[in-house]
Structure formats: structure tokens, C-alpha cells
Amino acid sequence: MKLVPLGDKVVLKQLVAEETTKSGIVLPGQAKEKPQQAEVVAVGPGGMVDGKEVTMQVKVGDKVIYSKYAGTEVKLDEEEFIVVKQNDIVAIVAD
Amino acid sequence: MKLVPLGDKVVLKQLVAEETTKSGIVLPGQAKEKPQQAEVVAVGPGGMVDGKEVTMQVKVGDKVIYSKYAGTEVKLDEEEFIVVKQNDIVAIVAD
Amino acid sequence: MKLVPLGDKVVLKQLVAEETTKSGIVLPGQAKEKPQQAEVVAVGPGGMVDGKEVTMQVKVGDKVIYSKYAGTEVKLDEEEFIVVKQNDIVAIVAD
Amino acid sequence: MKLVPLGDKVVLKQLVAEETTKSGIVLPGQAKEKPQQAEVVAVGPGGMVDGKEVTMQVKVGDKVIYSKYAGTEVKLDEEEFIVVKQNDIVAIVAD
Amino acid sequence: MKLVPLGDKVVLKQLVAEETTKSGIVLPGQAKEKPQQAEVVAVGPGGMVDGKEVTMQVKVGDKVIYSKYAGTEVKLDEEEFIVVKQNDIVAIVAD
Amino acid sequence: MKLVPLGDKVVLKQLVAEETTKSGIVLPGQAKEKPQQAEVVAVGPGGMVDGKEVTMQVKVGDKVIYSKYAGTEVKLDEEEFIVVKQNDIVAIVAD
Amino acid sequence: MKLVPLGDKVVLKQLVAEETTKSGIVLPGQAKEKPQQAEVVAVGPGGMVDGKEVTMQVKVGDKVIYSKYAGTEVKLDEEEFIVVKQNDIVAIVAD
């Protein structure tokens, strides 16, 4: 099963924050701060949304930062996703 | 009796969350989390809605995810439905 | 006396919820849940409303479902009506 | 002195609710429920209001129902009026 | 010094409510109710305001009724004025 | 250092309220009421702002009245400024 | 890693407020007032945003003042950034 977003919606998978100890061991995120980084899992077709033409600017695989409090949390097959409007994505994280 | 939605409205029937025990027995959902998955039961004609042209993108039988808190709950012949605007449907669940 | 709605307004008469006892006797609604079903009693002419062209899609006699909390309650000659904007009607109940 | 409403504004005079006793005597309204019926006393010219063309649809003498909480209460020469936007008038009461 | 309003703004001077005693003596207003009558002291040029063309319909000297809670109170040379948008003026008081 | 406002923004410097004692001595403002008079220090270029064409109508040196609660307070080199949208300026104070 | 803002978004790095003691020693900011000055780190491409054409007016390296409460705080590689819409930048600080 997969999520096919409508309009300007984008399906995100939150990235787990990782921490590296001084010895170099990577510990999966126990950070209390909810990380706002996520990976784009699916992108809507854009087009006419709420009377406005929207061109999609993110693509699957992009690492993005999205607005706190934005989006709809979805649980599918025990996995959690966040579906946001592209407008709630503020930046792409590039290498 | 059936519901015929107006404009960009979509009639949904919430899907019952199912849980499978380790022995393989399927138990109907006792989940406290209200599942946001629903099946599309009827689709409005779209067209001019609130001054904006809306094209309907979901069809009867689609399994969809809709925004929490969205929509009007309706009870008809002992069955419960949710009527939402298409814009409150964030994604279609595809196989 | 009757109500002639303006613009995109629709005059509704709430339908009394009925309950059938096992013996087949119909009891008028004592339901605590306010039924959202109503019958269309009068329909505004539509046209330019708040800068947007509105075409009326319901007609007198339609049984409809309307949004909770929407509308203006009106008492006229001891009868109670609800006047809503057509946009607050989410679906027509068809047989 | 009289009130000349601007734009899409309409001056209303609230109708006193009357009650007829069984003996046929008419008692002026002691109703606690504020009646929403009012008579149109003056009508603005309509035209361009807030960037939208408004055509006036009520006329002096019309008995109308207006939205609760709408309008500006005005006292002029010991008489009380309510000035509402035409859009806050939901229906005309016709005989 | 005087106030020159911008755009669709109108400078008002609140009229002091007067009370006439039975003996015919006029007492300056001790009314607790803040009167909403005011005299137009200066009128903005209108034109393009917030993307919408506004034509000014009041003129200096007009006695007007304005919306409660509207406007910016201004004190200039010990005199108090209220600056409102023309849209907050609901009616002109004519003789 | 100086502030160069963007779009329809205007940089203001609040004018200190002065009080003249009966002996004619001018005391710098100890007024508790925050004066809303300010001098225009810098004016944005106007143009397309939030999808609407804005023409700037104030100029550097103008004494203006601005809406209470409007604007962003800025401290630069120990001086305090308020940056407002031109629309929050209600009137120019002319001699 | 770096942040690539979308649409009309701008990535800012808050400037640390500095204080000079009387002896001339510069102390890094212990100011309780959160400084609103920031340096532009990255600028979105502008273009069609929410149905409106936006031209970017700030550039990387600009020192700017932005609206309090605006923007999304982002932590990337232990550095903190604020991503705001260009409209939340009220002025550029020029020398």
C-alpha cells in the first residue's frame, strides 16, 4: 500500500534524528525536540488548487524542512507519514 | 436512501481498523486512535465552488486519507458517514 | 406568512427524527442528537453573492444534510426554520 | 433627522413581538427572545463595496429576518435602529 | 495643525451628546453610552486601497454614524479625533 | 547604519510627547499614553506587495499618525524605530 | 549541508547581539531582548507563490530586520536558522 497525494499535497517520512557519541557510536535519536527534517515519499500532481495554479518544486527523495504544526499525520501499515501542502515545506536540505 | 453530495463535497465511510493477532485471527478495530482511512461512497459534481473551478479527483471506491477535524458527520439509516470537501482529502491509498 | 430567502440563502425546516419501537409504533423523535436532516422550504435566487456567481442546486422539497452550527434560526408563526447558505448544505438525501 | 445608509448598508427598525392572548387581546412583546424580524427603513445605494459589485435586493417597508449578532445599533431621536449589511439579511418575510 | 487622512480613511470628531431637561435647558452629554454620531472633519482621497478602487462618499461636515470599536483614536492639540475607514461609516444622519 | 524598508513598509521614529508647564517650560513627555505621532524616517519602494500594486503616499519627514498595535519595533544603534505597512498609517499631520 | 529555500522563503541566521563594556571589551550578547537582526543566508527563487507573483528583493549577505513571531526555526548541523517569507522581512540594515 502507498499514499498517492492529491493536488499540492506532499507525503513526508520524518527522518530519525541521530546522535553520535564521542566514541563514534551512532545512537538513534532520543532527542526531545521533534526534528523537522523529513524525506519526500510522494508528490501530488499540483495544478489548480483552491483556485490557484501550483507547480510542484520538490521531488521524491528530497530531504526537506517543513513548518511545525503543519500537515496531517497518517499511519499506514505501521509506518507513520506526514502529508503537508507544498507551501508548508520551507526549504530543501542539500549536501 | 443515499447521500448525493453538492459541489466539491465527497461522502466518505470510515474504514474500521482491523488488528490481526499473532494467531492470525482478525479482530475488528478497538483502536483508540480514530483511523483516518475512509472509502469514497459518493462524489459531488465539482464545478464552480465558492468562486473557484473545482475538478473532482477522487472516485467512488477510492480509499482515502482525510484531514482530522474536517467534515460533517452524518447518520443515515443507522449508518455513519463523513461529508468532506475534496480539499480535505490529502491522499488516496493505493495498493 | 412565508420566508423569501435572498441570494444564496436556503430556508430549511428541520425533520423530526422518528424512532420505531420493536412493536412497530412510530415515536416522534426524542433523540438527544439534533438531526441534521432538513427539508428545503424556500430557495434564494442565487446570482452574484459576495462577488461570486452562485447557481442554486437545491430545490423546494429536497431533503438535505447541512453543516452543524451553520445558519440562522428563525421562528415565524410558531414554526421554526433554519436559513443557511447553500454552501452549508453538504448533501441531498435521495431515495 | 433620518439615517442615509452608505454602500450595501440597510437601516432596520426591529419589530416589536406581539402576543395575542386567548381572549384576543394583543399584548406588546415581553418575549425574552429577541425577535430577529425587522422592517427596512432605509436602503444604501449598493454599487462597488469592498471591491465587489452589490445590487440591493430589499426595499423600504420590507419585513426581513437578519443574522443574530450582525449590525450596528444606533439611537437617533430616542428611536433605536440597527444598520446591517444587506448580506446579513437572510430572508424577506412575505404574506 | 490638522490631520490629512490617507486612502479611504476619514477623520471624525465625535459629537457631544446633549440632553434637554424638561425646562428646556440643554445639558452637555453626561450619557454613559458613548454616542456613535460624529462629524466628518477630513476625507482621504480614496483611490486604490488594498488592491480595491474606493470612491469616497462622505464629505467634510457630514454627520455620520460609525461602527463601534472601529477606528484609531487620535489626540492632536488637546482635541480628540477618530480616524476610520469609510467602510466603517454605516450611515449619514440627514435632516 | 540605517533601515531600508522593503515593499510597502515605512520606517517611523516616534515623536516624544512634550508638555508645557504653566510657566512655559517644556518638559519632555512623561505621558503614560503612548503618543501615536511619528516622523517618517524611510519609505519603501512600494510596487507589487502581496499581489497588489501599492503606491507610496508618505515621504521622509512627514509627521504621521499610525494605528495602535501595528508594526514591528526595531532597535538600531540604541535608537528605536517602528516599521509599519503604509496601510497602518491613518493620517499625515499637516501644519 | 545547506538549506535551499522554496518560493518566497528566505533563510536567515540571527546575528548575535554584542555589547561593549566601558573598557572597550566586546562581550557576546547576553541581551535578554531577542535581537531581530539577521543575515540572509539563502534566498528562494520567488515566482508564483500562493497565486501571486513574488520578486525577491533581498540577497545573500543582506542584514535584515524581520517580524517578531514570524518564521520556522531550523537546526541543521548544530547551527540554528530561521526560515521566513520575504514578506516578514521589514527592512534591510544598510551602512
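Letters A, B, C, D, E, F and G mark the chains as written, and numbering starts fresh at 1 in each.
Definition applied: a contact is a pair of C-beta atoms (placed from the backbone, for glycine too) under 8 Å apart; a residue touches a chain by one contact, two chains touch by 3 or more.
Here the structure is a predicted model, which is why all the values come from computation and not from measurement.
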Count how many hops through touching chains it takes, at the least, to reach chain F starting from chain B.
3
How many Å are there between the centre of chain B and the centre of chain E, using C-alpha atoms for each centre?
52
Chain E to chain G: how many Å between their CA centres?
42
Cα-centroid distance, chain A relative to chain G, in whole angstrom:
23
Residues in chain C with touches to at least two other chains are numbered 51
Topology of the chain contact graph, where touching chains are joined (line, ring, star, complete, other)
ring
Ring walk start=chain E dir=chain F returns E, F, G, A, B, C, D
In their complex, what parts of chain A are in touch with chain G?
33, 36, 51-55, 57-58, 65, 67-68, 86-87, 89-95
With touch defined as at the start, can you tell me which chain B residues reach chain C in the complex?
1-7, 9, 11, 42, 48-51, 72, 74-76, 83
